[in-house]
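The structures considered in this document are given below.
In the two complexes below, chain A is the common chain; its partner is chain B in one and chain C in the other.
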Partner chain A sequence: MRRWGIAAALACVAVPAQGWAADKVPPLPPYVAAYQPTNVDERGAWMMADEEERHLRDAADVIRDPALNAYVRGVLCRTVGEDRCNAVRLYILRVPAFNATMSANGTMTIWSGALLRLRSEAELGAVLGHEFGHFELRHTLSGFRNRRSGTDLMAWASILIANSSALQMSTIGGFYAFDRAQETSADMIGVRYLATSRYPSAAAADVWERIMGEADATAIGRHRKANQRYAAGFFATHPTSLARATYLRDAAQAIADGGSAEGNAYRAALAPWLPTFLADQVKLNDFGGSEFVLAQLAADGWTTPLLFARGELYRERGNPRDLVAAAGFYQQAIDRGDAPAEAYRGLGLALLRGQQAGPAGIALREYLRRKPDAADAPLITTLVAS
Partner chain B sequence: MSVRRFVLSVAAAALLVAPAVAGNKLILPGARIAVAKSTLTVQPASEWNRLGARPGRNAETWTLDGDALNDLTFYGGIESGKTLFRDTDRKNQPLPQVSATMLVTDIPALVENSYRIALGTASMSIGTVEPVAFAGGKGVRFTYAFTRQGETLRRRGEGRGAMIGGRLYLITYEAPALHYYDRSLAAARQVADSARL
Partner chain C sequence: MRRLVCAVIAAVVSAMLVAVPVQAQEKTGVKPGFELRPGTARIVLLRPSIKVGAQSTAGMFEPNADWTAQARENIDAALAQAQNSLGNTVTDYVEPVNADPAILSEYQALFDAVAQSVIEYQFFPGNRLPTKKRDGQFEWGLGGDVAKLPGLAGADYALFVTTEDHFGSTGRKVLQIFAALARVPVTAGVHKGFAGLVDLRTGELVWLNADMQMGGDVRESDGAQKRVRQLLEGFPGKPAAAPVTVASAH
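Moving on to the complex of A and B:
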């Protein structure tokens, strides 16, 4: 069963920018609540999506925190409207990658990696609106039909034409171009949701510009060439991030609506989960990408959770210079006064690995004093004693 | 088809299939044996099965009922710059590497991050961490738990390891929390306790 996702890293064809005059934003299509599948293809697609949802509902990766779920759903409803959002079951998955998905039957997922990277309610609304666009435009069904008619054609072609490999290639290519067209149309209806909501529609383009920056930072951090694709890939299912940023920016400028992006409200709602999501990101062994994400989140200044995560990231890489830098970040977090006990642990271990046993002992003893029942207290105690 | 041609084709098919994997092997109790192509030795008190498929160059897995149900893996002296086990996607999701300067506290972190990346799950977490003598060195014993992506079955694990001479020696035991973990924990601990260099 296919689901549509944002799939940030994928790339491809240049899509002509669609400009709108400011005075005529196309109205949203009329919405039918409690839509039921109407024919055999669609009923099949819904049946499979229902089965998947039953598995998803019980999955261990689902974040069940009622406050976070209510908040994310609230943003979806404020973006697409109350009547539309009632059709959606929204699942927040703890997966540290940027993605969101939509199934035929109205199952929406958003991954914790996306929540970490987004910076405002408007950006979250842009992503959720895009996914809802796939649902409203019934993309699963049309995608299935396109795929089926393509495979029928290929089955006949292989009988009728002796050497049909060229035809197969062009038909396969047709699937992916069709997927890209769907992504683009979902992007454009997403902008229209934003235009009719209280959020500014420029938020959608901001998301894609940062995704490009992160992909480049990951590549450079792994000593590879920054491999941002700017043009068509034959097998790509999604438009390039550059193409998306460009046409979404054009559309938003044409609409030229205002509104508050609600960045502060977003940060406040995510605050309880921020240390968890940051830790998940730091443990991915992606120094360049994680450093980029941290720098983006610290655009308005380095907060205690961000400094602590940066210390963990540098201590993890563990070059002698990284250990010095890590100790500095932990110390900055501690100096702010609201650092967790683990900041003393990180400081002590960074100093210890950097062969500064004296100051390391002081920091580790402070960790044990602040968290005597820590799960690793027995080991840290022996480290201090030796 | 003549008998001769049939015999030849069967022989050819056998040649194609047979030498692909080294095969699994029964480990008899009592004897002290070297594991994971290293100088690490253990002395099991009960029967185990050694799997032919190795997780990495210096790693080896034993099991009782299949590696999905109980998995005792030895990592024998992983060098600085090497990964714990084989990379599944080295280009896009490289695993963290062992470093000769790692502290004993970095061993559970290395296991946690390697599992998170290889299994694609953020559910991997380390539980208690305590000092232990391991293979004649100052080591660490830690517990962990994780759920594989798309599964609801929780798995528990216990590892013990040490950095000795700049190399990582590690033994992990993991099994589904449901029934299997407790059932073979004693046998696995006995093997890990017997580890020597």
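Moving on to the complex of A and C:
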């Protein structure tokens, strides 16, 4: 299974052609509809993927909201084209991490953490197009064969050669270099899908620049050194975010296409799920990263769900100063008039831990009044009474 | 760094070359006191999990769709035939329309996890967990909610069957010979399977049979019959005529 992940590291691969003119995007390879696997290895890979898809289809963490599924699928079809997207079953998984995957048989997943971080249809199209690239280029098959021939070599070497550790090490390094080359080629075909679609191809690089920003914010929040490198490590399965942002930016500049990224449409489509995805993100215990994601989402102003999530984030960290800040965010959300009842609970609890029992009681009673059948109502009632 | 890489290589190579021998291991467990009298129970057979492929020279699994399809056909036929000798009614599970498929999928995954735990922590007597050390104890289950599974109303027991075969490739066998000359033990082929019976009223696992070195080539119909016979060895409630020895867990 190929993955588009945050964890990345670098490609020793030729960086793309610099000379693409606006009307000279290399044409997409001819596409065969309803492709069927041909040889024994590929048929085996499809069989395994079919079995996995049986489980995935029935898995509890698949988001089945028809509106969201239709929207994400629509973006995929507009990016890669109607004939190509018919080969894909797309599953949205509720996992709060930035990732998407593709299997040999055309099973694509995108995780809710990716939907939270992306900011426009063009960026979503960049991620989905990259995954579709793995499928169109049959990467599962070539990856499997690369592993098999490499491990065969290692097995023989370990028996026939007295001291084969250098050969073995270079073979292992070769596996990861091969993976990174596949990722780069999927990135490059993804840019070509974007270039032929209505979306601007610059969106692909934007994704990676923000992912780097978030990785740095997470590192700083955890008192580690922010460390973006261009060169990938020995065991890295993906090029580094910096390398990807760089070569994707170069490619987009060479193509120099226009088009609307459709940021507003994306925000509107994601709005019903935003509070859920934010709640999942806040629970990750990643203060720096979550604060960065919130700030990115609030680029056009702080909305009620963002203020509420920020209140939860600060209250969860719970330093005395965080409780003051959290109470402020809850209050701002409430002042906007469309805050969920939980904002009153958050406000009350933050004030209570800040030794302000009077105002805390008022907020908590308001929570109970607005949501009398809440699961934690008995607990909050006890708290108010004491 | 170099030491780490060497350790990784050593681990990879040893994982590829050395298969832990699975001897001195129990193969069957029955819940003490459990008895299934012939003709008293309705048993539902869930979709068997079957994987067949080759084993590359270095030991990687190479899934083979044709072999798996043949094995599924042969094992289904062999199971249908074996049902006659099991002494109780066995029917295939039919998933009801409009039911929540997520629940069944979760229970199949749970059964696999429990079965693996039994194999690891019950069938290796030296490996038993502190709560599982008593003699004759066989106390495993999926939880009582299994009774709520859609489409199982009226059934008493669920039968799970799993097999996995990696046939050693020619390259693997040649490697095995060369490795033997170099005094490195290399095994060719993986043939493992397990079958289990779950009481649908209580969720308890009442019988489990697991074998990490099974016989019978599932790609052939005779081999599949032999495999099914081995999988169902010790099945509770078989008519007494069948030459079966039940080794209960101790």
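Here, the second predicted complex is superposed on the first by the 366 of 386 C-alpha atoms of A that agree within 3 Å, B and C clash if a C-alpha of one lies under 4 Å from a C-alpha of the other, contacts with A are read in each partner's own complex, and residues count from 1 in each chain.
Note that contacts are C-beta pairs under 8 Å (C-beta built on N, C-alpha and C of every residue); 3 or more make two chains touch, one makes a residue touch a chain.
In this text, all values refer to a predicted model and were calculated from it rather than measured experimentally.
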item: Contacts of A:Asp257 with chain B and chain C, given as first, second, both or neither; value: neither
item: Partner chain in contact with A:Ala45 - chain B first, chain C second, else both or neither; value: second
item: Which of chain B and chain C A:Asn285 touches, first, second, both or neither; value: first
item: Partner chain in contact with A:Glu209 - chain B first, chain C second, else both or neither; value: neither
item: Partner chain in contact with A:Arg57 - chain B first, chain C second, else both or neither; value: second
item: First (chain B), second (chain C), both or neither touched by A:Glu366; value: neither
item: On chain A, the residue positions that both chain B and chain C contact, one per complex; value: 55, 58-60
item: Chain C - residues contacting chain A, complex; value: 5-6, 8-9, 12-13, 16-17, 51, 53, 56-60, 62-66, 68, 101-102, 104-106, 109, 171, 175, 178-179, 182, 184
item: Touching residues on chain A, where the partner in the complex is chain B; value: 55, 58-61, 94-96, 112, 222, 224, 280, 283-285, 316, 318, 349, 352-353, 375-376, 378-380, 382-383, 386
item: Chain A contact footprint on chain B (complex, rising order); value: 91, 93-96, 99, 101-106, 109, 112-113, 116-117, 120-123, 126-131, 138, 140, 147, 149-152, 154
item: Parts of chain A lying in touch with chain C, wherever the complex brings them together; value: 37, 40-41, 43-48, 51, 54-55, 57-60, 147-148, 151-152, 154-156, 158-160, 165, 168-169, 172, 234
